[in-house]
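See the structures that follow.
Here chain A shows up in two complexes: once beside chain B, once beside chain C.
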Partner chain A sequence: MGGPVCENSLICRLEKVMKKYIFKRLLASIVVLIGVSIIAFVLVRLGGGDPARMMAGDTATEAEVEEMRIRMGLDKSWPEQYVTYIKGVLKGDLGYSWNYSMEVTTLLATRLPQTLILSLFGFCWACLFSVIFGMVAGIKQGTIVDFGAMMFAVIGQSMSTVWLGFLLILVFGVKLGWLPIQGMGSLKHIIMPGLCVGFGYAASQTRLMRSSIVDVMREDYVTAARARGISKGVTYMKYAFRNALLPIVTSIGVQFGTLFAGAVVVENIFNWPGMGALLTQSIGARDYQLVQSILLISSVTLVCSNFLADLLYTVVDPRISFR
Partner chain B sequence: MKISTLLRKMRKSKLFMIGFFMLFAITVSCFTSRWWVQWDSQVSDLMSRLGAPDWFANGLSGHPFGADPLGRDILSRLFEGGWVSLKITFLVTLSSMILGSVVGLIAGYYGGWVDMVLMRLCDILSSIPQLMLAICVVAILGTNMFNLIFTMSVTGWVSTARLVRAAVFGCKNKEFVSASKVMGASGFRILWKEIFPNTITPLMISASGHFGGTILLETSLSYLGMGVPVPVPSWGNMISDGRSYITSAPWVVIVPGIALMMTVLAFNFIGDGVRDILDPKNIN
Partner chain C sequence: MKEELIRIENLWVEYHSGGAVAKALNGINLTINKGEALGLVGESGAGKTTTALSIMQLLPREVGRITQGDIFYHGESMLKKKDKEMNTIRGNKISMVFANPLTSLNPVFTVGHQIAMGLRKHQKLSKKEAAQEAAKLLETVGIAKYRLDDYPHQFSGGMRQRVGIAAALACSPEVLIADEPTTALDVTIQAQILELMKKLQHEYDTSLIMITHNLGIIAELCEKVAIMYGGEIVEYGSVQEVFENPLHWYTYGLLHAIPQLEGERKPLESIPGLVANAQTLPEGCKFHPRCAHCTEKCKTTIPTMIRISDNHYVACCGAEV
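And now, the complex of A and B:
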């Protein structure tokens, strides 16, 4: 009696889920992120090497190094440094990168979007491609398309990203000369690194989608729909497709994180000016603030994508609700 | 499941057998290569720098797969590097499994705050991408073989711990555990003798899926200069070192890449086979 009018509408369902669920998840996420920030903070400091000495230069006297240490805030104890760092993070200030002589926030503001663009491009093509290819393969079992999909899945999952990158450079960059082999600028620049970032994901998802469609097609409701005289196309799209999508959606969150991290390597291969390239450079230079901020931001991205995937899951599957 | 039933199921699984024989062939040829290859994998011969493959025209005394930028025979490096890569993969998988099952067993059995703390630790570790964490840890420890193995193990046990914990939850309230408790067995004994055998299935599934990912991770780390240090060859550093010669001598990169792909393929086949055999969902 007197329930919401829009009992079954998508937005309403989402709202109901969100009220209870978001709060719990936010709390858990905050705990996780605090943990990550501590691990990142300690990790970079365990590394040995003296950043103050590095900044001051080889010829600097002890006094100069000490002065540099005070300027960098490294003379304080670890807990004090951590509190200062976290206070800054809460205000949106990620510290100062001594190696690049600029604010970490400013630096990441130019780099993070590049990594996100690259990962999202890889993610989107992989999702679209695998869902379509997997579905066609699942529907047309035993045909050449099915065989092609399986081959793609098996080989794609076994390829090293580095090797794939080199092969792409060799074939499309050097032999055919179609695509630029490094840097960014035009749409052409993103094709090879994007392919590389999403390849493994596309392979595993194609396989998942195929087996999922094969399972769903055996279900009674698909047979029932066909028996009621509903056309093949409508049955596939309305009944099979949506149900087959569930396992894909479940893995999206984790997979996006893996893909995002995989971009570290791809960025280095194609000289893509993103966060991954920055990470490898800054670790060598013992750029504490930058490294710990990159780690923190990566896990924020991961936590957010997991969270969004969970919400998406409730939208796709009305049987599931979070309490 | 009895050992004989398991072996019969394994023999019947095509995927598992294909993977098994591929891996067997690769492992044996890598291991025995030290006795039959003609070149030392670490000695360079500048006369044959970037020499093209002669595809066994001169038998093993030529360079069947060509020579690398320092004139070292790629065939010799391929097999020795393969042995290094396989050893690393095996050790990393083994130690991640041990670490993962210890954490999973303790968290699952003791429950309460122990479980809470360990699982939050898992949450934290799994929300830092493994590759990024590995890069940082290797950078801290320095690049050598031991550190590489340590890093990949320390960053790769979380999913195993979760699986084992779930398996422990499934059996810790069963009668045989209570019986053991009543008879006065210690916590360690119950965990080891009663509960651990019941976590073997998820552990094997997890391990079989772990191998392929580990080899690929080693390649990525190698590319970033954090893999097996030169001059010891590994497939990862052979591929990475060929970068500058990809246009003039593509075989330097292509040959180890294919070997790596075949190996990961074999591991994936075995992994799928093991899952088919052991997963209760695939019982029919």
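And now, the complex of A and C:
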């Protein structure tokens, strides 16, 4: 049962639980990342094409191509290439991009933050919007607000990001001329791509939040709170809200990963200079190490966001503890 | 004559869901006096919980409607009160213990917080004062006070119901409504909880409305009893009178469905048929399809409550001699 002082204080709970959990989680993450790196390594090579020939140029002779191949280190066997790559990664060297003639690390240092900014922007507005909209819709079940929320959920989930992107560009960029249609620089630039990135997520979360609050409102403990004289507003905002949030928090980890991956498409539509645009170009150019590193970084993001979501979950729900 | 606290007058409640209408309460009259313990007995669906929720004004929104009648508290109509006024009564003057302690405590708040909720709201205590008060209440119901910061899932069912009782008693209410407080608990724990409630009722001089289908609990705790069937009160009186001399055949059936420890062993008598469905209530006496002594009159006439003595009333055509 433990002492009375710190048993349930937040810091204590986290501290106790964290050490063991982090260790376990770290092990699992390493296995996942090794798997991802191998799959990325193999897939990009199975895609066909010869990077050495592409680098050497169309007019190069066989001998020149061979020389290029040796310079690029592609003459060695796959396992050898893999080990060399991984050794580099462990030292913080993500390889060399022959297409851009640059260290991958330097290249990503400028691109990764852009993708993160875009994803986070999309994620944040989607979270805020869906939690509030879903909550209001759930409380006002059966009203016009609720109907609106459900419509939004259906439309948002079934609409393709590409189509939404072009629609936004057409309306707000071309017709109304309110927002810049591509590139980055000001806050205005991020609005349309950010909307696009978070749209599907906002829709699905609105639906989830709505049904969650509807469920929670039927719970005995909500009636019990009312029976203790707590007003309707406080009961919903305080005693039903936190419980209703639980399923949302659970899905945050996976959702952020999906959203991050979805940013690839959006970046291409809006010419956002992030990792997504880089990825499509590098796949076209058979830029092996760049592709591998981008996939690896995406996986690291997914693993991290899942981990953070789990931590968040223990904060919101005292019944959950790590083992 | 004791001071009258709550008077229910000719209360009718309907539940609407989809196209269906369920007549949950069909004109009940009931009075609860100060310091008195009243038992509400009946099978599931008889309208016991609906009566409780009507008093609290917490019938499910949109679905549950009071169509007729009124409930008076200290002579003031509760139905005319605004929700804001009701908030000052709920948990303060009238409070409630729920049937299932596993679901009636919020899993993501500490028990201390949940006990202190009412105190902070009604007595305007600071967080610290409320916590101290909550600790005292926990000890009153037999739980060590250091567990104040624990969460409901760290307690057993019986302990959680103690927490529920502590939360209900926090503001020393005038009326405590206990909605089957022991149904979800083990028999041994039931006895503990009942002892506790009996003790606290006397200590706090609280009026008690005990909702149950367990006649033993009524005999143990209550002075008055109201037997409910099909949303009506069919027999009412002092526990002694009603249990010793049941005049309604339903009460008789209930009493004879209890196993006896003493005397010759006989098969238990069950009441045939199913509990009246509130959506398709029969004409006349609601109980007549299940009554072995049903007459033609029972099928057509709704029996009125007749006075047998000061302490005994019954609504049965057979009793109207």
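We take it that the second predicted complex is superposed on the first by the 318 of 323 C-alpha atoms of A that agree within 3 Å, B and C clash if a C-alpha of one lies under 4 Å from a C-alpha of the other, contacts with A are read in each partner's own complex, and residues count from 1 in each chain.
Following the convention adopted for this analysis, contacts are C-beta pairs under 8 Å (C-beta built on N, C-alpha and C of every residue); 3 or more make two chains touch, one makes a residue touch a chain.
These numbers come from a predicted model, not from an experiment.
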item	value
Superposed partners chain B and chain C on chain A - clash or fit	fit
Chain B versus chain C as contact partner of A:L168, first or second or both or neither	neither
Cα-centre angle that chain B and chain C span when viewed from chain A, reported as a multiple of 10 degrees	80
Chain B versus chain C as contact partner of A:D317, first or second or both or neither	second
Touched partner set for A:N268, first chain B, second chain C, both or neither	first
Greater chain A contact set [chain C / chain B]	B
Least Cα gap, in Å, left between chain B and chain C after the two complexes are fitted on chain A	14
Common interface residues of chain A - those touching chain B in one complex and chain C in the other	none
Residue numbers on chain A that touch chain C, as the complex places them	3-4, 7-9, 142, 219-221, 223-232, 239, 242-243, 246, 316-319
Chain A contact footprint on chain C (complex, rising order)	56, 58, 62, 83-84, 87-92, 95-96, 98, 100, 103-110, 117-118, 121-122, 146-151, 153, 164, 167-168, 170
List of chain B residues in touch with chain A within their complex	120-121, 123-125, 127-133, 135-137, 139-140, 212, 216, 219-220, 222-224, 236, 239-240, 242-243, 246-247, 250, 253-254, 257, 260-262, 264-265, 268
Of all residues in chain A, those that touch chain B in their complex	28, 31-33, 35-36, 39-40, 43-44, 46-48, 154-155, 157-163, 166-167, 169-170, 174, 257-258, 260-262, 264-265, 268-269, 279-280, 283-284, 291, 294-295, 298-299, 302-303, 306
